[in-house]
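In what follows, a structure is listed as structure tokens, so that the remarks can point back to it.
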């Protein structure tokens, strides 16, 4: 536990040492061989089987499943629901996450650690229970509506549960840390001298923020946004429990095809399309993610 | 679906203890105008986690808030009913095995990625991350259909699947920690005649220890809270805690699930607070001595 | 360095090898035994006490029960020729001729087919209990007494939200058509356009539930005024949890849970023996002591105190029945139309 906190708390001093250059070629990968074997057998093969079935099910080589998947209005609708939700959630997470990370950055040590603790709290609560807690908060006779009714703010319960708002709240809560942490890391990497220099040249504090600080920390924000978006695309239980008819994710169609009809063709084609989307996003955002992870030089 | 923090992203070494943040004026005592939005975000983050505690002590058979009384019956259910106790033990078993395997497999790769630079490490890292970003439903149906072919269902199927889902966290945290190891130390140790095993145990492991520990913790949590893949791979005779909670929520939405969540919250919160206090003490001591 | 990496690699490989090696499991063939799988929960408890326990008392067959029917897993087992389930207690959507490739034909020389209710036994499955989809409402929110599906769709007379099962083959089209005046006997083939048009009239008041517990929660707490749910769920929320809920059997749609035997089961004979016992006139009524599950055997005697709560005790009122064969044959289209409507 202490390890996590110190890993998470970049106040722990110690700068990355300089790496020797490309000394070893591919030989450096040797300790990763067991990992590659495990991922290959237990992860790549299963996903490949799903992808493969999209071309072979129900009988022989076929592209029919893709024709169905791409032209089916239901699949399109659900795909749009998924992408729209992911977009809204990542934008919300970026706005809130940046604000929060900035507050952490500016705060004193105690407050910073407290804020970090709050940001991580969702991870320590079961996902299932958290989703149910949201339904208890947001339902017509839920905590929030009862509170507003008693305060006289509203006369009739607001429809909160089974709306896009509920999905956005529930998923943003879970995905916020994925934005907060990389953004905060980027902020701590910001050289304060830069701000001082800008200030001494006469820039206002506001201008320093918008024209120096924000651009410098942007890679962290992009990394967080990409991560939040990719993870949101795969989310399934939260939108089903909290969302309305217009919020159902594509995962529902994949699961129904397999569970109810044993239709591996449709499930495979939809899965393949989602995986391709996720991998494409990962590739697009890789520059920013890798910067945080591999520590590419400035 | 279970997706613990990629803490490691924040682990980039930095030194904010140095000069103050930009444009910070002299310390002001009054509340900053930014405090309100931050307070709202804090509420958004913690409210759904905290509300389960009062819900867990409601004596009625329905999960509700506010509670209609006070009762610890649901905690008794949790710690006495075999379906709950065995689910907890199963989860513990799977999560511990997952942690050990993920560390054994992931730590060497993390060290390799972190200590030296070599061609293709970006590619390897990309591959390592795919289990985390791949849509859980796709992973679940894929694992389900392939693992079932070799009857890798139930205990070992869950351990295998969770190891795949957890290993990226170990790789990344160990990699972050390893980035702070100077490879010349290893060469020095080797040139002084230390065996490779000795170098690994006496130099690498202590230096990357924090990374390994936090990676292990994330591996544990990944397994402990995993639902989607577990629902597919679970053997009806071998249920993990999230699967049992899922079944309970579908059979009857009673406060036992809130009790589970509260116990988890209590354990993790007190562990984090303990870690904080220890950290503070140590820092304080270091400051006094230094 | 090379030594170290080799060592670590070796340890990891051995671990993985051990992991994969340990995966095989025996199937326990040989001794007289069978594995029975059902949906678990209150349903399983009623079956355990009413059927399984008495069966065990009078036989040398060892019965292992599992909770969690899963059609996809059954298909996978059969495809991989690794069948570990011997008696599969599925719902009404499983076991039609659409699933012929996955099931053993039942042995009606042992199973008393002539005693089973008309239409509730076929080549691959036999009903072991009858349940129904019925209308229930929250008595605090609803003024008056709704009498059938027409009232479910009458927002003027009974304002408030309604909850329906989020499943294309679960009866949502059927209740719309019944409410629109289609006679139960003329339900199939379902007129989907007409059903959708009727459903559209209450769409903005609809809530979709995905588990029986959720349906109880919705109507019990008054989150919705009316709900379409299983009769056992309406019974549970009203009679066991004592929430302000009432229900009617008028307009109920009868359904059944079925016993079937996965193809390639290594205990087909024991499975048939168990099924014959479970549907026999002597034992088929027993689960009704614990849950409002009606016997499928015409000659079986249900528990007297539960009789009023059984769907089959209300056949003098209007009722409909699912045409499982038609539904199975049109499952993909139903799902397509349903999801399109639900998402639009």
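By letter and in written order, the chains are A, B and C; residue numbering begins at 1 in each of them.
Going forward, a contact is a pair of C-beta atoms (placed from the backbone, for glycine too) under 8 Å apart; a residue touches a chain by one contact, two chains touch by 3 or more.
Please read all numbers here as calculations on a predicted model, not as lab measurements.
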item: Pair exhibiting more inter-chain C-beta contacts, A-C or B-C; value: B-C
item: Farthest chain (mean CA position) relative to chain B; value: C
item: Inter-centroid spacing, chain B versus chain A (mean Cα positions, whole Å); value: 16
item: Where chain B and chain C are represented by their mean Cα positions, the distance between them in whole Å; value: 37
item: Contacts with 2+ other chains: residues of chain B; value: 63-64, 104-105, 108, 112, 145, 160, 163, 249, 253
item: Residues of chain C engaged with two or more neighbouring chains; value: 2, 5, 8-9, 12, 15-16, 20, 72, 221
item: Junction residues of chain A, two or more chains touched; value: 30-31, 34-35, 38, 258
item: Residues of chain A touching chain B in the complex; value: 1-8, 10-17, 19-32, 34-36, 38-39, 42-43, 45-50, 96, 99-100, 102-103, 105-106, 113, 115, 117-130, 132-134, 136-137, 142-143, 169-170, 172-174, 176-178, 181-182, 184-185, 188-190, 192-196, 198-199, 205, 208-209, 212-213, 223-224, 227, 230-231, 233-237, 251, 254-255, 258, 264, 267, 271, 274-275, 278-279, 282-283, 286, 289-290, 292-295
item: Footprint of chain C on chain A - complex, ascending; value: 30-31, 33-35, 37-38, 41, 72-74, 77-78, 81, 139-141, 162, 240, 245-246, 248, 253, 256, 258-263
item: In the complex with chain C, residue positions of chain B that touch it; value: 61-64, 101, 104-105, 108, 112, 144-145, 148-152, 156-157, 159-160, 163, 186, 190, 195-197, 199-200, 234-237, 247, 249-253
item: Chain B - residues contacting chain A, complex; value: 1-24, 34, 37-38, 41-42, 44-49, 51-52, 55, 63-66, 104-106, 108-109, 111-113, 115-122, 124-139, 141-143, 145-147, 160-161, 163-164, 167, 171-173, 175-177, 179-183, 209-214, 217-218, 221, 225, 227-228, 242, 245-246, 249, 253, 257-258, 260-261, 264-265, 268-269, 271-272, 274-276, 278-279
item: Touching residues on chain C, where the partner in the complex is chain A; value: 2, 5-6, 8-9, 12-13, 15-16, 20, 70-72, 75, 93, 161, 169, 207-208, 210, 221-223, 331-332, 335-336, 339-340, 342-344
